[in-house]
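When the chains are written out, they are named A, B, C, D, E and F in that same order, and each has its own residue count from 1.
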Amino acid sequence: MYSVTVRDHIMIAHSFRGEVFGPAQKLHGATFVVDVEFRSKELDENGIVIDIGRASDAVRVILAGLNYRNLDEDPSFTGRNTTTEVLARAIFDRLAAVRSRGGLGAGASALESIRVTLHESHLASASFEGRL
Amino acid sequence: MYSVTVRDHIMIAHSFRGEVFGPAQKLHGATFVVDVEFRSKELDENGIVIDIGRASDAVRVILAGLNYRNLDEDPSFTGRNTTTEVLARAIFDRLAAVRSRGGLGAGASALESIRVTLHESHLASASFEGRL
Amino acid sequence: MYSVTVRDHIMIAHSFRGEVFGPAQKLHGATFVVDVEFRSKELDENGIVIDIGRASDAVRVILAGLNYRNLDEDPSFTGRNTTTEVLARAIFDRLAAVRSRGGLGAGASALESIRVTLHESHLASASFEGRL
Amino acid sequence: MYSVTVRDHIMIAHSFRGEVFGPAQKLHGATFVVDVEFRSKELDENGIVIDIGRASDAVRVILAGLNYRNLDEDPSFTGRNTTTEVLARAIFDRLAAVRSRGGLGAGASALESIRVTLHESHLASASFEGRL
Amino acid sequence: MYSVTVRDHIMIAHSFRGEVFGPAQKLHGATFVVDVEFRSKELDENGIVIDIGRASDAVRVILAGLNYRNLDEDPSFTGRNTTTEVLARAIFDRLAAVRSRGGLGAGASALESIRVTLHESHLASASFEGRL
Amino acid sequence: MYSVTVRDHIMIAHSFRGEVFGPAQKLHGATFVVDVEFRSKELDENGIVIDIGRASDAVRVILAGLNYRNLDEDPSFTGRNTTTEVLARAIFDRLAAVRSRGGLGAGASALESIRVTLHESHLASASFEGRL
């Protein structure tokens, strides 16, 4: 199995509902350093998993929809906590949708899975990995 | 598959038996930076894999049982080398036992697997991953 | 010159005033990984720059006053942007005040300077260094 | 599953053929920080996945065959792009061959798989993982 | 003293003249992860050392003049080795020239010094720091 | 001012005397990732601060005198705590002595200072910087 991983980041505000979150129930924020890993069993004729320029652009566009925002006011997360896990899944879903529309290029049809990892500090991260 | 990872560390002394270890047969020591990854197919109603506060506390308690010690004198490792691999497995086993007793919280019953990685330097690490 | 550095972090929300900040004028947030470096020309009789336990506790208490908050509502920053630079200076000032009150221990009287660095992502950081 | 990972690096020049590579079609270069992960279901009698000294030496010898070179002139890659993915696979193949010849030591016969990851910058990496 | 640091990178080919360089006398290459630290005694009215957007853009433009090239063919380095040290100095000189032309914005007139650090691997880096 | 930094590491056992050290009064150990920064105002005719090969070899030889040991039994530290600060100074002193004997090569005579930093975990480090 081959894979290619690219890194980007977002800086957001949010708060959580639920006693389990303790002080994080208050409005606070986070930098999420985002690693997106694209996996494929085969390389294309250029010797690559995916056109990394297009993939990076797609990640950047998706992250721009979250960046510099208060996620408590984002309608796409109404009624849900925007935990690191939930955000990893949301970014995965949006990337999968871009791929379905052909937005990752022709070679992306061979992708088997994508793993999205969000590092919220030097001590903690969360990820979602799904098949395509 | 979702996952959440938390980081902590220990500083221990030990020595190894076996020619394969060369100079590490002498009493020396290591800082192990420990990453524990908790994996689950589903999120709970709060949108999390596990109560990260409880999980971090459980890791801290387990590591406190190893930290600032000469592992050559720890009865739980008598007759065995406390290699990075062996320690990764021991931490996994202790975490699995804590979970069985309910010590990781109710949500932890949905965990599928745990991966424990110990970084012994900027050049080397070892891990153990097991199903629950 | 000797130095000792400890790391901790905070997760805050804030917004900036001024066109120079572009989209960061909106409410957003950040994880700041905080490195505090304590500098001294001499070591004490224990062979240390400072009691690292007390120093880390002091940093933790100061950061707890900022952590999990919307800094736009913190009276100590009214009328000012809580940029990474401004926060580095604020943490320095608070540490210097703790030291003046003896809160870093007896050995801290030999400290020459402190440098506070805040990493806001894998791409950017800011710091303030001042004499004591 | 147990694993052990060792890190090394190479510094090479190369160029790519194909419009997808944009400016990287020109002769340029890269530092590849190489992580090799050895995986096994069981530990040997010493408590290790593999003799890490022999494994590191094997990695070093294989990387020495690529290091400080213009890969455009390396006959083993004639007609192919030496992308990060292709290089990860090549290093895997060479390690697998060394193991088949017994070059990783007796314990290496229990290895299940190897994963080779090449970090080309702080923003991008590629890997190949294969069974043995 | 305040400082702000931004990170970017280049991927270049080159070779060195001089026996001291051993195998690096052959054409090879490197990824240089570039940290540029801007230092100032005072913050401007926005609470910043420098407009980080303009500073990052200036760094990007300067690095674009080096990126994806064989530096052996760059006339600006004719007769000189493009060592990590020499490149750090060259990037500093180009940034200082941009600032003199006003290209870093009005606030940049208060800058005291700049430090440019190039990381060539996980094991080695070089830097040049100069007053403005 | 130019600088070049190289990284290496040691794995040692030791214990401390003094209540300030708490549980670290017991025999334990550490991995110290060691960064040595060599500083000079000028580059030599090759465009370098120092022959990095010779410098790295000198660091390796000095570290070999500490590596895989119980520092409590090292006569050169009798009666002193081998804190991170003390070890940073000891490595500096030994490097300065090697340089005085010509062991860093002819170009090393232009060195102004050396800074030795020991990272004991992902959370703490200490350093000593001295003029030559």
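By definition in this document, contacts are C-beta pairs under 8 Å (C-beta built on N, C-alpha and C of every residue); 3 or more make two chains touch, one makes a residue touch a chain.
Just so we're clear, the structure is a prediction, and the values are computed from it rather than from any experiment.
K.L.:
Return the chains common to the contact lists of chain B and chain E.
P.N.:
Common neighbours, chain B/chain E: D, F.
K.L.:
Do chain C and chain E, two copies of one chain sequence, contact each other through the same residue numbers, with over half in common, or through different ones?
P.N.:
different
K.L.:
Centre to centre, using CA atoms, which chain is the farthest one from chain C?
P.N.:
Here the answer is chain D, farthest from chain C.
K.L.:
Among C-E, A-C or D-E, which pair gives essentially the same interface as A-B, with more than half of the residue-number contact pairs in common?
P.N.:
C-E
K.L.:
Could you pull out the chain whose C-alpha mean position is farthest off from that of chain F?
P.N.:
A
K.L.:
Count the touching C-beta pairs: is D-E or C-F ahead?
P.N.:
When C-F is set beside D-E, the one with more contacts is D-E.
K.L.:
As a quick test, compute the distance in whole Å between the mean CA positions of chain B and chain D.
P.N.:
Centre-to-centre distance between chain B and chain D: 27 Å.
K.L.:
Roughly how far is chain A from chain E, going centre to centre by Cα mean, in whole Å?
P.N.:
31
K.L.:
Return the residues of chain D touching two or more other chains; collapse runs of consecutive numbers into ranges.
P.N.:
7, 122-123
K.L.:
Which of the residues in chain A come into contact with chain C in the complex?
P.N.:
7, 9, 11-14, 23-24, 26-33, 67-70, 120-123
K.L.:
Taking the complex as given, what residues does chain F use to touch chain C?
P.N.:
For this pair, the touching residues of chain F are 16-18, 20-22, 80-86, 88-89, 122-130.
K.L.:
Using the touch rule from the top, collect the residues of chain B that touch chain A in their complex.
P.N.:
Going by the criterion above, the answer is residues 1-8, 43, 46-49, 51-53.
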